[in-house]
Structures are given as C-alpha cells and as structure tokens.
Amino acid sequence: MEYIIIIISAVFVNNIVLAQFLGICPFIGVSNKIPTALGMSGAVLFVITLATIVTWLVQVYVLNPLGIQFLQTIAFILIIAGLVQMVEIILKKLSPGLYSALGVFLPLITTNCAVLGVAILTIQKDFNLIHGVVFAIANSLGFGFALVLFAGIREHIEIMEVPEGMKGVPIALVTAGILALAFMGFSGLV
Amino acid sequence: MAGKKESNFINMFTSLLVISFVAGISLGSVYNLTKAPIAAAAAKKMEDALRLVLPDFDSIQPIKLKSAFEPDSLLVFQGFQNGQLTGWAVKTWSKKGFGGEVNLIAGFKPDGSIKNISVLDHKETPGLGDKMQASKSDWYRQFLDKNPADFRLKVKKDGGDVDAITAATISSRAFTEAVDRAWQTIENAKKEGGNE
Amino acid sequence: MNKLVISGSPHIHDHDSVSKIMYTVVLAMIPAMLASFWFFGFDSLRVMLVAVISALLMEWATQKFLLKGPLTINDGSAVVSGILLAFNLPAGIPSWMVVAGAFVMIGVAKMTFGGLGKNPFNPALVGRVFMLISFPVEMTKWPVPRPLFATRLADAITGPTALGLFKEGVDAGQSAQTMLHASQMPTEIARFFGEMGGSLGEVSAIAILLGGAYMVYKKVIDWQLPLSILLTAFLFSGLFYLINPAVYAPPMFHLLTGGLILGAVFMATDMVTSPMTIKGKVVFGVGIGLLTVTIRLWGSYPEGISFAILIMNAFTPLINKAFKPKRFGSDVLKTAKI
Amino acid sequence: MNQIQNFTKGLLKENPILVQVLGTCPTLGVTTSAFNGLGMGLATTFVLTMSNIVISLVRDFIPDKVRIPAFIVIIASFVTVVELVMQGFLPALYEQLGLFIPLIVVNCIVLGRAEAFASKNKPFSSMIDGLGMGFGFALALTVLGSIREFLGSGAVFNVKIIPGDLMLVFILAPGAFIALGYLIAITRKLKDHI
Amino acid sequence: MTNLPKEIVKHPGVVVKTGPDEVEVMILAQSACAACHAKGVCTMADMKEKMVKIKPENSQHFSVGQQVVVSMKQSMGLKAVLLGYILPFVVMVFTLAGLIGMGFSEGKAGLTSLLVLVFYYVLLFIFRSFIEKSFEFTVSEIDSVQNPEPENLCF
Amino acid sequence: MNDILLFTLLTLCLLAIVLAVVLYFVAQKFKVIEDPKIDLVEDVLPKANCGGCGFPGCRNFAEVTVKAANENNSLGDLNCPVGGNEVMKQVASILGLEVQEKDPLIAVVRCNGSFAHSPAKVRFDGPASCAFAHQLFAGEGGCQYGCLGLGDCVASCIFDAIHMDATTGLPVVNDLCTACGACVKACPRGIIELRSKGKKDRRIFVSCINKEKGGPAKKNCEAACIGCSKCQQVCPHDAIVMANNLAYIDFVKCKLCRKCVEVCPTDAIHEINFPPRKPKLEYTETNTQPPGGHDRLEKVQPVQNKTVDIE
Amino acid sequence: MMKLATFRIGGVHPPENKLSANEPIIRLPLPKQLVIPLSQNLGAAPKPVVKKGDEVKKGQLIARGEAFISANLHAPASGKIAKIDDAVDSSGYRRMAIFLDVTDDEWMEGIDSTDELIHQNLPSSEVIRERIKEAGIVGMGGAAFPTHVKMMIPEEKKAEVLLINGVECEPYLTSDHRLMLEKTQEIILGIRILMKAIDVKRALIGVENNKPDAINRLQQFCNADNGIEVHALKVKYPQGGEKQLIKALLGREVPSGKLPIEVGCVVSNVGTAFAVYEAVQKNRPLIERVVTVTGKKLTKPSNFLVRIGTPMSALIEAAGGMPVDTGKIVNGGPMMGKALPTTDIPITKGSSGVLLVDQSESRRSTPNTCIRCARCVTVCPMGLEPYLLARISKLSLVERAEKERIMDCIECGSCQYTCPSALPLLDYIRLGKQRTASYLRNRK
C-alpha cells in the first residue's frame, strides 16, 4: 500500500514535471514522437533508478558515517555524471549496434535536474533503500507519463500551426500549464 | 590554444586531483566556518518557536509524552522559569490537511489554556489553508488564551467552537485536531502525573 | 461576361457551416438557460451575459491586435464557450471574476493556440478550473435555488452542493445513508428538475438532456460519447456502492449531481477537443467516467467532471492516433458471398 | 566585444531564461514570490560569476577531456558554499528555495557559460559575462516572481498592492508555466522591436 | 498504433569516416537540441554527437562530410531501449527487491544489485554478436522533398 | 586538520580519480575531438539556418567546411549564398584557405504577365497555392507558363526578399535576396532563376519563359516573348540563345549593352537599375530613385499606366 | 422491400438534381470542325498516323496507341485533316490535337452502319480483345482507362465475376441512365462479350435505386442463362467508385493500392459495355458517346449523342444556350468534374456531362478553420482522415502522408462537400497526393 501511495503521488498528484518542476528542459525540448517519448522514459527509468541506488548507498554508507553530508551535492553530481557516462561506454563497447540504435532513436537522455532532484529528494524524505527505489521508479513513470501525453499534444499543436509569436517554447509552457491545471484534479488522491 | 594540456591519462588524473584537492580544502574550511552559524540558525528556529508559544522561560526540558490518540509519543518541551514550570510546548501534527500533513507547535499555560500556536510546516493551498499561519492571517488568534476544557476544539460544522477559515474547513479541521491532540496529551500526562 | 470560376472538385457543398453548428448548440442550451433563470433569477442572466460579452470581447481583441487575422467572432464559438463557462459558475460569483475567467478561457485556452479548432483543451473548462483554483471561496458558494414566483426568502442564501454536502459529511464520519437523507439534501426529483444548489447550468438534468437530444437529432454530437460517460460513471460508482453503501453514494446520486450530465452532454462533446472516431469517443467517454468517479470518491474535490474532461483532452491526440477510422480495404473478405 | 556589451547581452538579448530558455526548473520552482526569485537569482549569479572566474583562471591547465568534470567540481563547490552560507545566515530563504539550491549545479546556464565563455576568455571578461548572465537570470526570476506574486496574491515583494488575494492559480504550478510561457513570448516580441 | 513496428526512424548525420565495408556517421542531436545555444554542454555527461558505425551495402557511395540520413526500423529503437535500459533496470530492481525481501541488509542488497547489473552487461557482451545481428541500418543520401508551403487563410 | 576536512578531501579526490579513469576510457573510445575551428566558422556564418548551402543548418555547414578544409585543402563548391563572398572569405581565412570570388547572384522573376499584360480570363477559387493551381489549370490569364500569382515563392523566402506586388500580381525581389534558391525550388513553373547580380546591380533578362509560338503567346499576354529573334540578331556578344520560341540571355556573356531591350517588340526584355533612358520607359513612383538608392524595391519593369483589372 | 445493398464506410447524399432523366438521347448535328485531342485515355497518348491534308473516312484510324497502356483514335467523321497542332484541353493547357474539317458523315467500309441488333456469333476472347483494342475503347465511367488492358487478366489472377457499373451516383448526370433505358439489349450483349473476354460466368449490374425504370428494363433481359443479374443499390455517393461498388455488390474490399482483380472482379461502366458491343459486333470504333448537358438554369437539359471532338459550346447551344449568369462550367458531374476555363474544349471519350453552375453556386464559401467535427472522417468512403491529410499535405509532410494512406483517396470529394468549415480539403489532398506520388517514384 505504501508503495502504491508513493506511485500515485509521484505519477499523478505530485507529478515530477507538472508539480515539482524537475526535468522541464527535456519535457519541453524533446521530440513530439510518441515512441521516442516512450523510449526516453525507459532510459530515464533506468538512469534515475540506478542513480538513486548508488547515491543512496553513498549517502548512507559514506557521507553519513563520515559526517560530511554537506558534500551531498558535489558527490551526487559527480557520481551521476560518472554513472551516465559509464553506462554509455559500456553499451558502446558491448554492442555498437545497440548503441547506434539508441543514438538514432533517442535524443539526449540525461535529465540532470530530474536525476539529481530525485536522488536528493530520496535522501531528504528519509526513505530506506527500497522506498527510495520505488520513489525513483514512480517519478520516472510520472516523467514518462507526462512526456508521452505531451508528445501527443505537441504533435497536434505542430500540425495545427499556432500563432507565430507563441511557437515553440511559449506554447509548450502554456500547454504544460493547462496540463498542470488539469492534474490539480488529482490532488487529495493520496 | 597554445597552453592547453593534452588529454593524456596523467594530465587528466593530476588536474582533476588538484582541482578536487583544492575544492576539498576550501569546502572543508567553509563548512567549518559555517558549521556554527548553521547550528545556531537551527537552534534559533526552535527557540524562536518556543519563545513564541511558551510563557517566559529560562530553561527548557524536552520530554516525550504518549500521544492521547495513538500509541506514538509527542515531543513536549517544558519551560521553566527559576525552576518553576511555566508551560508546555507540544510538537503536534495532523494528517487531515487538505494538502497533507500539518505540523505545528502548540504552547499551553500551566492551567491548560492555550498560550500560542505556531505552524511549523504545512502543504495547504496558498491563500486558503495557509491562512492558519500567523503571518498570513489572524485566524489563529481565536485560540489564544482559550482553555480547551470549555472551548471545544472542533470546527463549528462538527459541533465545536472553532470558526473555520472561510472555504478552508478542511485545513481548519486539521489545525484544530492537531491542537486537540496536543492538549489531550498534556491533560493525560497531567492526570497520570497527578496519579503518580 | 462575368468570369468563369475555376476550382477543384467538388463543385457543390452541403451548406452546413460552423456558425450553424454553433448556433444549434446555443439553441440546445436554451432549456438549461431557462432552468437556470428559473432557479437563480436575474443573477444567472448577469453571469451569462458577462461571460458571453467578455468572451466575445477577448476574442475580438486578440484577433484584432495580436493575431491580426480575420475576425471570426460571428462564428458563434465564443458565444457557446461563454454560455458554457457561465453554466459552470455559481450564481453569486462576482462579475469581475467572470470577466477574468472568460479572458483566460478565450485568451489562454483558445486564442493562444490560434483560435477556433486548434485548442487542445476545452476552453470553458480551462476557464472554469482556473477560476475554481483562483477563487476557491467564491467558486464554492452556492446560492440556494429559489424558483421564480415561488414565495421564499428574499435574499439569496448560500448552501453546499449535494456532492459537497455528502463528501463533507462522509469525511467527517457520518454514514452515507444519513447524509443522503439529510435535511439539506435535495430529493431525487428535485435533482432531476434542478432544484438544488450548484452551478447555473448543471442543476437541471432534464433541461440538459433535452438540449442533448436536440443536438443528437441535429447530428451535432454523437450520442455514444455522452452515453459512455454516463454509463461508465454509473457502473463504476455503482460498483463501490455495492461494496460499501455506508461510505459511497448510490450511482443515481452521482449521475444527477455535480454537473456530470452537463459535462457529458455539452462539454465532453466539444468536437474540437474530443477524439474523431466513434471508438475513440467511447474510449474518451469511459476515461472521463472513470476519472470523474475516482476524483469524487478519493480526491479532494467533491466534483470531478471538469478535471476529468481536461485530463482526457490531453489524451485526445493519443486516442486519435490509436483509434483511426476503419480503413477501406482492411477487411479483406475474399470469401464473401459470390 | 566591449565589456559593457558583454555585460548587457545577458540582460535581454541573450537572457538565459527568456531567450535561451535554460534553467527552466528553478525558474518555475522558486518564483512564487519576487523575493524568492531575487534570492535564487543572486545565488545563481554568485555561483556563475565565481565559477566563471575560476574556470577562466584554470582553463589552460585542464586537459580537454576532463574539462567538464573539472568544471562540475568547481561549480558544485561554489554551490555547496552558497548552500552552507544560506543555511547559516538566511535559513528562511534557504527553506523556501529548498531543492533548487543544489540543483544550481545542473543549471544549464552555469555549465553553459563555463563551457561557452569562461573556458575561452580571460578572467575579467568571464567575470563580467557571469555577472551579466547572472543578473539576466536574476532579473527574469524577479520579474516572473513579481508577476506571479502580484497576480496570485496582489503583492510584490510582500508589499500588498491590492487587498486580498487575486488569482491563486499564479502561485501554483499551472500559473508558473503559463506566466513563463507568456513572458517568453513577450520577450521575443520586445527583442524584435529593440 | 497498429502499424507501429513498421515505422521507420530517421536521423540526419554526417559521414565522418568511410571504410571498406562500413561508414562511420556522426549523428547530430535532434532538432530541439541542435538549435540550442548550449547544446554542447547542457547534458554534461552525455555526448551530443554520437558516432555510429554502420555497414551499408554500398559504403563506397559515401564520402566524408556528406550529409546522410540514417534510418532504421522503429522497433529496433524500442528493442535497443529494452536491451540497453529496461532489462538491466528490471534485473537490478528485482535483485534488490528479492534480496531485501530475503532479509539482506540494504547495503548488501544494493551493492549486489549493482554487481548483478555488471553481470547483466557481461551477459550482453557474451551475446553481442547475436544482438549485433538484429540491428540494421540503412544510410541514404539526404532527400530534399520538403519544400516550403505558402501560408494562407484557411486552416 | 580536523576529520571533516580529511574526509572531504578523501571523498572528493576518490571521486575525482574514479571519474578521471572513466573519462580516460571515454577519451579512448570517443576519439573525435571537435575541431575548435568549427565554432569559429560557425561564428562568422549568418546563422540563418536557411539551407541555401545545401546543408540543414549553419552548424552543419561549418562542420562540413572544416572537414573539407582538413581533408582536401579546399572548399570546393561549398558556398554560403546568404553570406556571399564576404563570409566565404572569412571562412576561408579561418581555415587558412583562399576562395575565388563568385559572382553574387540574385533571384529574378521571369514573367511579366501582370494583371495588365495578361488580364484574368477566369477566376481561380481555391487554396492560395501555386503548386495546387498549377496542377489544376493553366492560370487565370491563360498562359500555361506564366506566374500564377499565388505566392508560393513569397512564402518560401525566409529573408523577406520577395513580395507580391498588388498592382501587377507578380512577385518582386528586393535586395534582401541572398540567392538561397528557396523560391526557385518553390515555384512550380520554374519562373524564378538565380542570375548574376551584375555590375552596379544592373541586369538584363528576358522576362518570359513562354515556349508557345508567337500568336498564342501574344493572345494570352501582351508582354510575352514571341520568339522573333530580333534580340538575338542585334546582340553583339552572342549572349542570346533562342530555343522553343523563346529567347534566353546568358548572363555570363551578356555585357549589359542594352541593345536587345530596344528592339524587343513586346518589351519582354527587362533591364534593371539602369539610369533612365529618355522617354521610352515610364517609371512608377517607386522606381524614380536613382540607381543604387536605398529603396528596397527592385527597379522593376516599366509598368503601363493602364487601369488594372483586379477584381 | 428488402434492405438494399450499399457500401459500408462513409458516403454522402448530395441532392440528385437529375434534371435530364426523362430526356431521350438526341443525336447532335455534326459541327464544321472537330478537334480531337490525342491524349484522351489514361496512359500514353497515341501517335498520329495521318498528316495535315490527309483525307479520312469516318471510323478510320487516325492515331495508334503504341504504348502498353494507350488507345487508338479514329476519325469521328469524314473529312480532311486541317492540322495537327496544340489545342486547349480542359485544364487550359495546350496539348496536341488533330483538327478535322468535316465534309461528310459516311462510314468507312467494313463497318456495319445499321441499327440491327446482332446477337449471334460472339467471337473468341482473343478476337474480342483485339477488336476492343482496335476500336480504341476506353472506360466510359470517367477514368478513360483503355478497356483492352483491363481485359488482360494477369496470369496468376483469376477473374470470377464481371461488375457492370450502372450506378451513376453523380448528381445531375443521366447519360448512363438513358443509355440503359434506350440501349438495353446492346448493353446486355456487350456484357456477354465482356464476360467471354475475361472468361467469367457471372456478371452483376449495379444500379442505384433512383433509376427504377432502368432496373426494370435491364431485368427483362437478365436471366439464369446468361448469368447476368441486376442489383438495385441504395442511393449513396460515391457508390459508383469501383471499390465501393465491389463492396456493395460482393462485400469484398479491394486492399489498399491493389486493383479489383485482386478480389476477382473486373468493373466496367455500362457505356463501356455498349461501346464494346458496337466494336465487336458492328466493328464500329469508339467515335461518339452520350453526354448529359445540364444545369438548373439551362432551358433544355438534354442527353446528346455526340461525336468525339465536338466543342462543348455546340452542346450548350443545342441545350438552349448558355444562361447569362453561368459562373462555372464543369466537365463531368458536380462532385468529380473539372471546371473549364472556356467552352471551346472538345468532348473526349471520357466526357460524361457538361454542367452549368450559376454564379451564386459557383463561388465557394469562405473557409473557416477546421473544428475537428469529424464529418469528413465519417463520410470518407475510404476510411481516411481528410482533415489530417489536408493538413499534412499543406505542410508537405510526404512521409507522414504516405503513412496516413493518402494514396488511397479516390478523390470523391465527399469530405469537402460535407465540411462545415468549407475547407478546400480535396484541393490540398490532391496536392499532397501529387507530392507523395513523386516522392514514392523517387524512392523507387
């Protein structure tokens, strides 16, 4: 039940993008293709979860015992940067074909804000590891959900030709705003 | 650029090492410098809250009291002036808020009447539920100096004496419940104390 | 001799037009307008007028000064949006708030995207939800209905809506049965005819259904969409009622309160923001039904249809992609009769 | 490019938020009031300027490949400094800005300026650039904060201008998106006219 | 989305190297990013331009610097995401959950799940030739069918 | 030194080392170092991202030029039409190369079937798209080669260099034109040609591409080239070729002597930006400025002061 | 009456306006000069075999279709070839045409000029195909596809049934209707010939229920022996489209991008059947056809038997002259016909009607924006999404257009007819189809 609450909360009520303002850049910048959005969500799911596990371990087994919690920001960001890079190298080394397919299929996948944000929130909320992982997954799902919905609306908007002045980022933001407005309906679900 | 270092292993290794070394030293020092103010700020926040809700005191004694409603316990600060108990400050909560948990600290005089209440944190809607904060409205004033023994801690809709914030009955209800929890806890403790 | 016209085929047209469609909707809303006038008096007229006029004004102004495109305020869509916004407001709402809501409705939700036909979200609902969240106090003060000519108290007094009352009560620990028969609770009949607290247009189920039937007759809307919403809401809320009647309200109660019918008939059917195919519409409707009941039963808001429609509007492009019309040639019945 | 231009470009022409649309998360997250916006803006300016200076100083000693991690270490250090100082001396603001203070480290503007400017220019220019961009960022945040605070609660910098609340939505998430969307659209128009 | 698997994903790129039977193409980041001022840095750890090696039938046709379009089946992209991200994710999370469920300490479980992740990649390495076979790309010259359209009143 | 400082140092250095190792491998694997010249080149490009150079954007063009310079030591045919010689010179100097000057080009509309010359015989009712009209019918004036006047070329131009003239119904190019070629591609009738800008911006061209015989051509349009070859005969530089009842002036050979202009019986040959010749030509208001003036409008054809038939 | 068959998806009901339904077919007098465009058929234009100054006899070959998909042309009357030159076609473009100065109306030898019905001696299928080819017959249903090519069933396919298209779903047009009434037996014979040519035992004639007289008349000659059946169909446009007709009559759907033969059918128009009869049994080439001249303001809406090459103006004159407020002249019906820039355009093998639209009706209403009312989607008989196709055509997104199956559009115009926003949907879709087609060609 706790897990379900964490998930509903992160996907609908406190959606990472629409209510917590994390990972907005990829949200508004990235493609309008739905399969791509799905692919990105998958990648983000992995990266965020991996990052959360590693940073949680570092926080609990290194920073806390040593009393250097204040290094959280710097340590986390370095770890995340390293991890993402490492996954990349590993994939490239293991299977160039797979790596190339990802390159063709996905635009940039690192969503710094969201990865670091979730890692830090996991610590701030005092989650244990498993809760932290669920939290990370839930947030990635929330990200994916918003991304896929948005990809659909974006495609619609692109075909409908919005006024010149609103093209691009402004219209994306206004749409996100209305979407956030609609998502307020979920408040209180948990 | 002429002076640019080549990207070989040693160069990369050493330059990063040097940078982190310098960064480490500086950060450690800054941390050492700010440690005291940070601790002070945290302490001040607590003390400020206590000063607000407790009658004058010169020393504080934190105790844990069994909550009146749940098996958990609440953190209670006893204020003493010259060794004399001047009041209790109870860190209390309610989960019935509109947006989630409401945490507040409620101060009681020795006779059980409310001295003051300070909201620690809440997730209520700005402009509505957040009127429970002293900084946003005077709504909380209706509790001051009331003794819950004869001032029923329930919103009027539920048959109590508390006027709800306009259009924010839910928040008011949560606030009131939290205060009630604190008060009952103190009262129970008093009774048990009396029995002891 | 005058010049011959050259154009691509076809050379004839069935002469239906956007404005005809919109004015058909306006016509269909007349019963509900009359009902609201009957129950809420001149305040209802004021709210409707302010909403329509400010909607038209905003549309005119954006087109004139910002888009610099052709003026299309005659097409009637702003009138429809305006009336529907008014239908979603309590009678006592201050006029300036109506103006703000109408400006957001047209300015933000419609013209930002280029105007009629391009908005992904239902403008009236964006306006309504915007107001609900911006002015929660005023938006949740419901004047008690007071039929014209009926001898009742002179001054408007406010009371809760049936759903609000129920939710408050149940949240406060009352049983569902007590709440349903509470003195303030309108009776089933009153609910059907509209004698209860609520937004202008939502109170009278019969008036809305009448308009709906007219629109179906005029082929402006497809009946499948409203029906799928109502049916889903009925079944889903009914399920919970069967599980625990002490906490959950009966399905009929859900149907007749909180603007469910208004939303299903007039708002979800907005063609601009709903899916194109019948299958898509049914999926859309089912989604709205489920979300509405979910929000009502477990969310903070007593009423959920506005949010549900807006959320499903966001799904519309996806639904349109997933539920394409049946392509000719997709059923290859080589063995069909011969 | 003279230093004045170098400074002013960040204010409007290349404003990091309104034109380049970088760092949207903190922008939306902290601008519930003008004061918060300003606070965040100044904090970012500090990090931006300091890291620009330092990076510009050390740029020649860092091999290309470790450039980015080295920049990250430097930036993250300054962010941590800001964090610590704020926590110690401005605890109220620190609480308001919350998560977004550590997130300065991933703010595209900071790294972006480091990469695009500081790593190629002299320390003084880099400082000016950092200040310009930082002020541009702060300006945008303050403006957005003021708009939201005014529309939401009828006040600016906590000074009540209109009694009572106006449109609460602007303090909440939807209002943030919508207000920023229009602000960017307006800036584009303005930019064309100047 | 019935015809989803058949869809083709395309990505513009520039040939950077040609070999006897393969070409190396630099994939440019997608539109939004490509236009961005700070694209070089916004994702500090991710490379904005990726090199992909492709073995087309006619590698001689391509010259360095040529603009090409790399295309592949959309399903391949999804498959790549599956193999590259989703499966390792599942492996990692299940190990973690399983171990914690079995009563291991969080630290141990966490570390083990990371190790299992490594193991997964080793496995991937073992089967790489098999995997490799399922990814096929085509490289084609850029086609310029898009021509701009006039604005007008309707629509 | 206290513990905290020690731990801080240790942690950070450890992380840094790990990162250095990781990145070392990256450096090994991703051997492409972005040439810093790319940025420099990109900086001098106009950043119009118009595609005139044949590449999707300026950045791509920069990459390609740098690559070409590194590999072939020459820029070959690479050219940024928008920036013109100016920019290409800068690019070349960044790359340490020379470019030979190319004649700057400009778009030229080779049709003079204005409302007056080729009055509408029928009325088109449909989307304002030349591409569509072209597939539907010959054109309102009846000339199946002439301008349809619906402005596909105008819409295709991102430089605001081509506009419809309301009085003639024909597009007019102004000197914002960068010769990116978008309009050439956009016109379904192939009316627009990129021609040398000419000395002092002066150019002479046949403003007609009608391949019909004189009779029918003239029936549809007073200003059509009727294929009489007078111009070819009078041309001292052999610059004019006749094909399919149509004269074409080769701008490489043409020396701008203006002889052909005078002999053309239908005024189909246009001269632009020449000083006014005595009475033969009338100039409209916009054309009265001396050549080289700042008027953005091209000095167009002599427009007859007839009443214009616009519905 | 039992429920009438029709196609399932989409369709519209424009007002029928069959003004000339009761007008018998009248032979139009010969004009002085005939202008015979070379390109009258789908596919390659035939090559002229006569030259300026040649004397020709009515029915003599004047141009030979050499390409695989091409059709012969014959002199519609006797006379002298005035010139071979450009002539304005229905789009206003100039195309090659043979100009024939008419002197006489005498058939060439070897042609049966009587009206006698010839039942017997149906030749072998090879001979039939050869005669059809010689006679230059093309589909009279509008597409003008050379009929002999259609009769050549690919090896791996098998025709099971012949469908005869007597639907005439276009409003106003009545030429097929009149032909079915007046040349019933000839048509039935033509059908039998066609059946023999493609070796099928069964033929179905589909006629919309708004022509009960034609249905009755045809029924008289249909029986189990000849295997021909008449089916009355519910009135719905575009039932005459071959894919829709097959669906209506057989319940089969021709897959996207495939020909009717894929589902074992061959579809031919009643006029084609008539022409086939004349060619095979009487050796007459295709030199004339029935053309409906109609219009609400026209004094005498009529059905004329017209020689190929006769200018439209002659038909209009014969029907009472052009009404003063004519705003548009349409070659064909109002749904699929082509608007003409002048009336000096010759009748070709594919012209089925001339429609004069008055001014008030000829102007389109001003387009509004698409309100996504989905009417176009509902009425599209091919199950497409016209609003989307039009948008992506406008944006030139050819790949997307292909994916959305723009090439399936049969250009029936139902979408544009019904769009409440009066959007030029089909105009854009046509443009998109053209671009997509050229993209597909390039890709191959």
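By letter and in written order, the chains are A, B, C, D, E, F and G; residue numbering begins at 1 in each of them.
Keep this in mind: contacts are C-beta pairs under 8 Å (C-beta built on N, C-alpha and C of every residue); 3 or more make two chains touch, one makes a residue touch a chain.
It should be emphasised that the depicted structure is a prediction, and the values quoted were computed from it without experimental measurement.
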{"item": "Touch graph components, with subunit B removed from consideration", "value": "one piece"}
{"item": "C-G against A-C, pair bridged by the larger set of C-beta contacts", "value": "C-G"}
{"item": "Gap in Å, rounded to a whole number, between the CA centres of subunit C and subunit B", "value": "44"}
{"item": "Rounded Å distance, subunit B centre to subunit F centre (Cα mean)", "value": "71"}
{"item": "For subunit A paired with subunit D, centre-to-centre distance based on mean C-alpha positions, whole Å", "value": "22"}
{"item": "Sequence positions of subunit G contacting 2 or more other chains", "value": "92, 339, 341-342, 362-364, 368-370, 391, 394-395, 421, 424, 427, 430, 435"}
{"item": "Set of subunit D residues in contact with two or more other chains", "value": "22, 64-66, 68-69, 72-73, 76-77, 80, 84, 106, 108, 168-169, 172, 174, 178"}
{"item": "Set of subunit E residues in contact with two or more other chains", "value": "1, 7, 36, 42, 44-45, 47, 147-149, 153-155"}
{"item": "List of subunit A residues in touch with subunit C within their complex", "value": "34, 148-149, 152-153, 155-157, 160-163, 165-166, 171, 174-175, 177-179, 181-189"}
{"item": "Subunit B-facing residues of subunit C, complex", "value": "136-137, 140-141, 168, 171-172, 300"}
{"item": "Subunit C residues touching subunit G - in the complex, by the definition given at the top", "value": "2, 4-18, 20-21, 72, 75, 77, 114-118, 271-273, 276-277, 324-334, 336-338"}
{"item": "Touching residues (chain side subunit B, partner subunit F) in the complex", "value": "1, 7, 9, 12-13, 16-17, 19-21, 23-25, 27-29, 31-32"}
{"item": "Touch list for subunit C against partner subunit F, complex", "value": "3-8"}
